[in-house]
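Common to both upcoming complexes is subunit A, partnered first by subunit B, then by subunit C.
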Partner chain A sequence: MSHDSHHAPVACKTELAPERSDLGLIRPDRTTGWLDWLTTVDHKKIGILYGAFAMFYFLVGGVEALAIRTQLARPDNDFVTARMYNQLFTMHGTTMIFLGVMPLSAAFFNFLVPLQIGARDVAFPRLNAFSLWTFVFGAFVLNASWFFEFAHLAGWFNSFEWHKALVYTDFAPANGWFSYAPLSGTFGQNGQALRFTGVGTDFWIIGIQVLGIASLAASFNFICTIINMRAKGMTMMRLPVFTWMTLVTAILIILAFPAITVALIELMFDRAFGANFFNPSAGGQPVLWQHLFWIFGHPEVYILVLPAMGIVSEVLPTFSGKSLFGYPIIVFSGAVIGFLGFAVWSHHMFTTGLGPVPTAAFSLLTMAIAVPTGVKIFNWLGTIWGGRVRFTPPMVLALGFIWMFMCGGFSGVMHSSAPADSQQQDSYFVIAHFHYVLLGGVLLGLMAGLYFWFPKIFGRMPNAPIAYIASGLVILGFNLAFGPMHYLGLAGQPRRTHTYHAGNGWETWNFVATIGAYILGIGVFLAFVNLVWTAFRGKKCSNDPWDGRTLEWSLPSPVPEYNFAQAPIVATRDAFFEDKHGTKRIGAENDGGEAGVHMPSQSWMPLLASAGFLFAGFGMPMMAMGIPHAGWIVVAGLGVLFIGIWLWALEGPGGYMLKTPAASGTPAPTETVAH
Partner chain B sequence: MFSRFFSRVALLAAPFLAMIMVGCSKADMTVRQSTLDPKGPVAQVQYDLFMKTVWLVVILFALVGGLLVYAVIKFRFRAGDENKPAIVEDGHGNPLIEIGLITASIGALVIIAIPTLTAIWYTDDVPAESVPTSKLSVWYPRVEGTRENYAKAVEEQVLEVDVIGKQWWFRFEYPQLGLTNDAKHSVPNEMVIPKGVAVRINLRSEDVIHSFWVPKIAGKVDLMPGRKNHMWLQARETGHYYGQCAEFCGDSHAYMLFRVEVVEPAEFAKWVQRQKADAAPVVAGSKADKGKALFAAKSCVMCHNVGGHFGAGAFAPDLTHVASRKSLAGAWMDNRDLKEQRALEQKTNNTESSVAVDPATLKANLIKWIGSSGTSHDANGKPTKDVKPGNRMHYYKMFNVAGLNETKQTFTAEELDCLAEYLLTLK
Partner chain C sequence: MSDTAAAHEAPTSTGIDHKKLIMWLFLASDCMFFGTLISTHLLYRKLYPAGFTDAEGHQRFIQNLFNIELTSFSTFILLMSSFLMALAVSAMHKGQIKSFRRNVLGVIFFGLIFLGCQVFEFTHFYHQGLTIQNSVLGSTFYVLTGTHGTHVAIGVLWLILMYFYSFTGKLGGHMGALDVEVAGLYWHFVDIVWIIIFTAVYLVEYLGPNGIWGTGLPAVAK
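Here is the complex of A and B:
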C-alpha cells in the first residue's frame, strides 16, 4: 500500500513524518490501533464502530427488558419498585430505538452505501465521524442517568445540599420513551415550573437532542452521497434496494427529527426556564406535545423498519437466485410508505378526543399505508416464486422477517380501525403489535443483514449451525413472549403498569411471556457471541460466498480502504450478478491515473467537536439537579463544540493519494465462487 | 427429499401450532377486564368491529402465509439446479399482477373502512335514539316521591357523569343529581350507574393525562388536562365491573384502578339518596370518637371531606361513605373477602358478581393504607414501603408551596386502630 503526500510518490504512509494540516497541527495517520479508531474517517471502520456500539446497547436494552419481564412474571411481584420499573421501560424503549436499531441501521448505511454505489467514501467523511461520536456521547449521557440513579440509591449524594433540596429524586428517566407532557413537563402558574418528574427527564431530553443531531448529520451525508457519488452508469433506478431504502430513511430523518427537536427544546424551556408550552395550568397544551412527538414518532417507525426492508430486499433475490420481483414498485412503495408515514401520526392519539372527523381521516390513512406495505410483501413472495431458494442463516432470518412482520402488519390493520383501537390502545395488544414489527420484523431483518454481510465486512464466515440455533431460539422465544401479549391486551392488561393483582386472568400468560423473553434473550446473546467470535476467529471465506448480486461482492473481503481499485462503470441493475453470469460486464474507469486515488485524511476534530456534547449533555441535567456552577459545564461544552468545529474548518480538507493495485492498468482481480 | 423437507417444516411449525391451540383453549375470554366480553352497546360495536378485522386478517394471513410456505417449499434449491442457467429470465415483475394485488388490497380494506366510519360516529357521543325527548327536569330532586316514575325516567334519559382524574385515583361527580365535589358529595373510585341508561361521561384531569377504560362497557378515552373530552356508555347487565387508568401517569400508574357498579334503576335512586346523606354521629368516648379527633388533629381533614363531620377538604377522596365501598386506595386494595369472591366467580361463572364488603378486610386495608402511605418514614423514623409510591397522603413536599412544605404525619399502632374504627363507621 503506497501513498502520496502533495503528489510526491513515496513508499508507505506510516514511514513518513506525519502530515501537517493548514493549522500546522499534525494530522493523525495511524492505520491500526485505538488512535486509528478514534480518528478514522473511513466509512467502513465507522460502520463497524456503529455496529459494535449498537450491539452493546442491544444487550443493555435486552437486560432492561428481562428485568421488566421478571417483574411481571408473577402478580404483585416486587422484584423492582414502581419507579424502577418505569425507568426500566423508559430506558428499554429509548435504548432499543435510538441506541440499538437506529445505529445498527446506520452501521449498514455506512458500510454498504458507498460500496453499493461504487464510491470510495461518503460525501463528507469527517462529518460521518462527527455523527458517530455524537451518537456515542449522546448514548453515554442518556445511560449515565443510570449511574446517577444507582449512586443516589446507594446514598452517595445524601450529604450534598443540592440533593437535600431536590423535590423529585428520579435520576434515570421515568417518563416513558414518548415522554407525554405534562407528566414530563411542568404545572403551576406564574412561572413556578413545578415538575411531575425529576432530573431523569432532563437526561432524556438532552440525550435525545444530541442523538438527533447525530442522526441529522448522518442523514444529510447519506443523501449527498447517494445523489452525488454514484459510479458511472449507476442511475437511480439501478441502485440496490438497500441504498434506495437508505435514501428514503435519510429523507424521513431530516423531515421528522426537526419536529422532535422543536418539541424537546420547548419542553426543556418549560422545565428549565418556566416557559408554558405544555403547562395546562398556564394555558399550555399537553396535546401539542403529542402532535409534535408523533409527527416525529410515526415516521420514526418507518425509519426503523425501512432499512430492514432494504436488507431483506437484498437477501431474498440473492438466495432465490432471481432478481427482485417488481423492483420499481418496491422502490416506489418504499417512498410511498415514507410519504404516508407523515400522514398517520394521529393514529397514536385516537383516544385523546380528536373528534370524529380527524379520527376518521387518520383511520382511513392508516388503512391506506397497509397497501404499499402489502405490496412489498407480495413482491418478496414474487421474488421467491419461480426461484431456487437456498437456505442459509440470512435467508432463514429474512423469511422469518416476512412472517413476523406480516403478523405485526396485520395487527396494525386491527389498530387502524379507531373504535376497535380504543379497546387496544395502551394495552398489551399494542406491545405485541409493535414488537412483532420491531423485533420480529426489524431485529430479524438486521440479523439477516449481519449474517449476510459479515463475510464481506471481516472476510470470515459465521458458524452456520450456531446461527440456525440462535435464530430458532430467537423466533421461538419471541413468539412465546409476544404472542400471548395479544391475548393479555384483549384481556384488558394496560401497558406501563409495573404490577397487577391475581384474579384478572393475566397470571398464566404473563409467566409464559417471561419464559419466552428469556429464551429470546439467550437466542440474541448466542447470535451476538457467534458474530463477535466470527469477527476475530471465524473461518476465512471467499470474496463472494453467497453468489452476490451487487457491487460490494465484487470487492475483496475485508474491503481495502480505497474500496474500488478503479471506479466501476455500471451497465445494469444487479451489476455484479450480470457481470458473472450474464452478458453485461462491469466496466472500469482508471480515475486515479498515475497519481493514484484521492483518500481523505484522518482527523481529531470530529471527536473533539462531539465531545462538546458530552459536557453540555452532563451539564444540563446537573443544572436541573441544582448542583452549583453546573451551568458552566454547559458553557464549557458548547465552547468545546465551537472550538472543535472551528479547528475542523481551519485544518483544511487534507487528503492523500493512494496507489491502488489497479493503477498500473490491470483490473483488480475479482473472485467468483460457485455455490 | 420433499417429505424430509416437509417434515422439517412441520417440526418447526408444530410448537407454534401447539402454542396457538393450547392458548385458545386455555384463554378465558370473560376475565374481569376482557374486551372480548362486551356488556354494553359501545363495547359491543367495538368488539364487532374488532372481530371483522380479525376475520379479514385471518383470511389474508392464511392466503399470503400459505402462498409463502408453498413458494419456499416448491421453489427450493434442488439437486441439479446448479447446472441450470444462473439468470432466470422472467423474474422482473408483472404489472398486471401488481395492479391486481393492489386493487384487491384496497378492496379488502374498504370492507373494514365502512363499518369503522359508522362506528366512529356511533361511539363518539350519545346517539339520538338514546335521547328521545329532553325531560331532564325529572332528574332533579322533585321526582323523589314516586319510585316508578323515577325509574322510568332514569331508563329514558341520559345521565351525565363527570370523571375527574388525579394522580392516582378517579373522582366521579353527577352534576344533574347534586353529587359534586362543590356540593361535598363526590364519589371516589367506584362509579355507580343504572342498567340500560345511556351515560354521557365528561372527562377532566386535574394534573397529568389519564385514561378512562372499563373494557366490558366501553373502550378508553383520555382525560387531558386543559381539555374537555367526552364519551358515552351504557351497560346491559347489572354487576361489578373493573376499570383501570390506561395512560401512563407516573409512579403509581399501575395502582390507578376503579370500579363500575351497574345496578337496577330503582336501586340507583336509593344509592343517590344514600350518597347525599351525612355520616352518622359517632358514640362519644368510643375508639371511633378518638379516631375522629385524630382525623382532625393529624390534618386528614385538610383534604378529605366527611359529610356531617368535617367539611374543609375538597382535594382528596370524599370519605363520607368510605366503609360502604368495595375497594380502597384507588381501587387497588380490595375490601371484600377475596376467597369468597373467587368462589363466587367460579360458581356463577360470572366475573361481574360480587360479594359484600368484609369489615375485617376493610379495617386491615385501612390500617395498612394509612400507616404506609406518602410517609417516607414510619413512627420509628425508618423508611416504609408505600402502598402507592408517590401518593400525596399526609406528605405535601411535592407542592413546595409555603406553609404546606413537608407536612409529614406519622402514626402509632393505636392511633391507626382508632382512625380505622372511625372510618369503619362511615357507611
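Here is the complex of A and C:
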C-alpha cells in the first residue's frame, strides 16, 4: 500500500526531528515491506494488523468450538478426553473474548476513530503500536500453552526432572474462562501452595495480564484522541455513534481492567509465592475471586458489545437513507449501559448465597439495564422505519444483529430473576444466552462492520453473492447450534461436562446443535475467505460506494497515510452526507500550507518494549513448571521492557513533513495505485 | 518522556495537553487498582480481626506489630517530597533548571528514605513472624503496601532519569515543563494513595482499645 507516487515525502525531516537519537540509533522510515509493518505507527496499518490477528484467532477459537461440539454430538463420546475437553472449552472462551472480539473491535477503533473525528492519527502513535504488539505477544504466550500441551502428549518432556515432579500436567488453561478459585488457586497451610491445576493456569494468568496491559494502553490513547483531537466544529454531540461507543468502551476498560489486574496479581502470589488470598485452608475466601472477576467481567460484556452496537448504528442509517433516529438518546443509552454495567456484577453469583438484600438489588439493577438496551433497539427500528432500505451484505448482517441480540437480551432478562437464575446456573441455557449475545450480537455486528468498511480500508468491494451466502449460513447455523441449547439447559444438561449418558433426552438436540455449529463454522470461514480475497484481489470500487454519512467516506480509498490533506471543518452531524445532499458543506483548514502535513516517525521501540512482555510471559509459567533458571528469563524480559521504554523516551517526539496534494496545489488524487 | 506526534503544534480540542490528559486517565485507572487492593485488605481485616499466628504458635495482634512512630515519620517524609515536587514543577515552569534539579534531588532523596523505611518495616515484621504465607493478613498487607512501594520505586526511577536527562539540555521550554508536571501528577497521586493506605491500614487499628475491627476475642488481649 504505497502512496508515495503522487507526492514528495520528507520535505524537511531533519529540521523537525533528528533521525538519530542520542545513542546514535536511527529511526526507520520505510513505507513499504515487512519492516514498515513491524515499525509502523500509522493507525490504519495498526488497525489492519489488529484485524488480521483477530480473524486468525477467531478461526483458532472456532476450531476449538468445533472440537467441543464434535465431542458432544452423541452420548458417551470419546472424541477427546475429559482432560483435553477442559482445556478446549477454557481456551475457546478465552480466545474468542480476548483474542477474537476485543482485538477486532480494536481494529475498528484504530482504523475508524481518527478518520471519523477528522484527525490525522491518534494522540500517541507509538503507544498505539505498543498496544498492538503487546496484544500480539500476550496472545502468543496464551496460545504457546498448546505447544507445551502437545509436547507433553507426545512425550517429549518425559526425560526431564522438572516434568517428573509435576503433579498436574494440564499445560493449556483448564479452569474455564473465569478461572474460579479455589480450582485455579491453592490449598495447604503455611505457604505450601499445593495446586489444583497445572501450569495452564499460570499461562492463563500471565497471558490475560499482558493482554490487559495492551487494552489499557490502547484505551488511554483512544479516550485522549476522541476528547482532544476532534476537528474544528466536531462537537461531542456531532461525533459519529461508533466513535461515541468507542469512548464509552474505552472508559469501561480503564475502570474495569484494574479489578482483574489485581485479582490476577493476587492469584499469581497465591500460586507462585504461597500467599493466601484465595486459599480456603488458610482462611482465604474463594468467593472474593468471583467478586473481583465479575467486577471486571460484567463491564467486559459491555466492552464486547458496545462497539458492535456502534457499528450497527452506522450501518443502519446508511442503508436506510435516513439519519439515525434519536441520536442523543442512543448516545445517552450507551453511556447508561456503561454506567449500569458496573452495578450488576453479582448477578453472575446469585447461587453463592449473597443474602436477600444484595440479591434483590442486583436483580433489580440487572432488569434496569434492559431499559437502555431496549431503547436502542427501538431507535434502530425507528431508523429503518419509512426508510429506503437497501439489503446490502452489511445491512443483512446488521438486521441479523438486531434480531439475534434481542433474543439474547430476552434470555438475559430471564437470568436477572434470581429464582429463575438459580435453576439455570451452569446449564446450557446460560451457554445459549451468552452465545446469542456474543455471537448473534457481537459477531454479526463486527461482520457487518467488516463488510461495510472493507471498501474503505482496501478500496475493493467484497463479492456480494458469497457475502449473502456466508451471512445466511452464519445466521442459520448459529440458530441451529444455539437455539436447541435453551431447551437442553432447561432439560438439565450441565455446561463444562465432557460427555453425557444416553437416555436423558438430550441426544437429538445435541446432534442438531453440532450440525448447526459446523454450518456456522463454514459460514464464518467463507465470510473470512471472501474478505481476505477481497483485500488482495477484489474488484476496485469508488471512494464512497454506499453513499456514506461520516467523514471517512469523504477520503480516497485506500486512505492516504496523512488521512486528510486539509483538516476538515465540520458544521453538522453526518457531515459528509450533508455535504453531498444538504446545504452544509465540509470546510477545510489551511493547515498544511507549504510545509505539508506533520507525520509521526516510525519506531522500533514499541515492538522492543512489548517483546519484554513476551520473555517475561514465557518465563513465569516456566518458573511454575520448575524449569531451572527460568526466573532469569523473567528478569531478562523486564529488562528488555525497561530498555525499550527508556530508548523510546530518548527518541523524542520525532516526525517529518509530508507534502499533500492540497498543499502542492494538485487536486486530491483518486487512488489508482496498483497493488 | 513519551511521544506526542503533533502535540506541540496543534492545539487540542479541550486545551488540555495530550500528555496531561493521558496521565489523568491513567490515574483514574490506578484509583480502581488501589481501590481493589485496599478493599481486599479491609474485607479480610473485618473477617479476621484477630491478626495472625506466628511461627511459635502465639496469637499476635497487629497493633503490637506496627511501629506507628516510624510509619508516621515515613508518611511525613513522603508528604514533604510532594511539597518539593510541587516546587520542582514550579521551577520548571519558570525555566529555573538549577532550582528544578535541587528540588527533584530532594524528591528522590525523600522517596528513597520512604522506601528505606518500608524495607526496614517489612524486615522487622517478617522477623516478628508476619509472612506473606502464614496468614491472610500477611498476604494482603505485604501485597498492598508492596504494590504502593513499587509505585514509589518507579517514580524514583523516573525522576532519576529525568534528573540526568536535564543535563543534556533537552529538558526545557513548554514540553519540558509538561514532562515534569506529568511526573509530578504521578508523584502526588502516589502520595495521596499512601495517605489513604496509612489511614485505612494503620491508623484505624488504633481506634478504641482493640482497634476498629476488635480483636475477635471476648477479653482485651493486648
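Going forward, the second predicted complex is superposed on the first by the 641 of 675 C-alpha atoms of A that agree within 3 Å, B and C clash if a C-alpha of one lies under 4 Å from a C-alpha of the other, contacts with A are read in each partner's own complex, and residues count from 1 in each chain.
One rule holds in what follows: contacts are C-beta pairs under 8 Å (C-beta built on N, C-alpha and C of every residue); 3 or more make two chains touch, one makes a residue touch a chain.
All of these numbers come straight from a predicted model, not from anything done at the bench.
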Joint occupancy of subunit A by subunit B and subunit C, clash or fit: fit
Contacts of A:Ile402 with subunit B and subunit C, given as first, second, both or neither: first
First, second, both or neither for A:Gly652, with subunit B first and subunit C second: second
Subunit C versus subunit B, contacts on subunit A by residue: B
Which superposed partner A:Ala123 touches (first subunit B, second subunit C, both, neither): second
Contacts of A:Thr351 with subunit B and subunit C, given as first, second, both or neither: first
Which superposed partner A:Gln285 touches (first subunit B, second subunit C, both, neither): both
Which of subunit B and subunit C A:Ile469 touches, first, second, both or neither: neither
Subunit A as apex of subunit B and subunit C, Cα-centre angle in degrees (nearest 10): 90
Closest Cα approach, subunit C to subunit B, once both complexes are overlaid on chain A (Å): 12
Footprint overlap on subunit A, comparing subunit B with subunit C: 283-285
Of all residues in subunit A, those that touch subunit C in their complex: 22, 41, 120-121, 123-127, 190-191, 193, 216, 219-221, 223-224, 227-230, 234, 254-259, 261-263, 265-266, 269-270, 273-277, 282-285, 288, 292, 295, 591, 598-600, 603, 646, 648-649, 651-655
Subunit A contact footprint on subunit B (complex, rising order): 12, 15-16, 19-20, 23, 26-29, 31-36, 43, 45-47, 49-50, 52-54, 56-57, 60-61, 64-65, 67-68, 71-72, 75-78, 81-82, 84-88, 90-94, 97-98, 101-102, 105-106, 109, 112-113, 115-117, 119-124, 167, 203, 207-209, 211, 213, 215, 218-222, 224-227, 229-230, 242, 244-255, 332, 334, 338, 341-342, 389-390, 397-400
In the complex, subunit A residues that touch subunit B: 81-83, 86, 167-168, 174, 176, 180, 182-183, 187, 194, 196-197, 280-281, 283-287, 320-323, 325-329, 351-353, 355-356, 359-360, 363-364, 367-368, 370-371, 374-375, 377-379, 381-391, 399, 402-403, 406-407, 410-411, 413-414, 416-427, 472, 476, 479-480, 483-484, 487, 490-501, 503-506, 508-509, 547, 577-578, 580-582, 674-675
Residues of subunit C that touch subunit A when the two form their complex: 1-10, 12-14, 16, 18, 21-22, 25-26, 28-30, 32-33, 35-37, 40, 43-44, 47-48, 131-136, 138-140, 143, 147, 161, 168, 170, 175
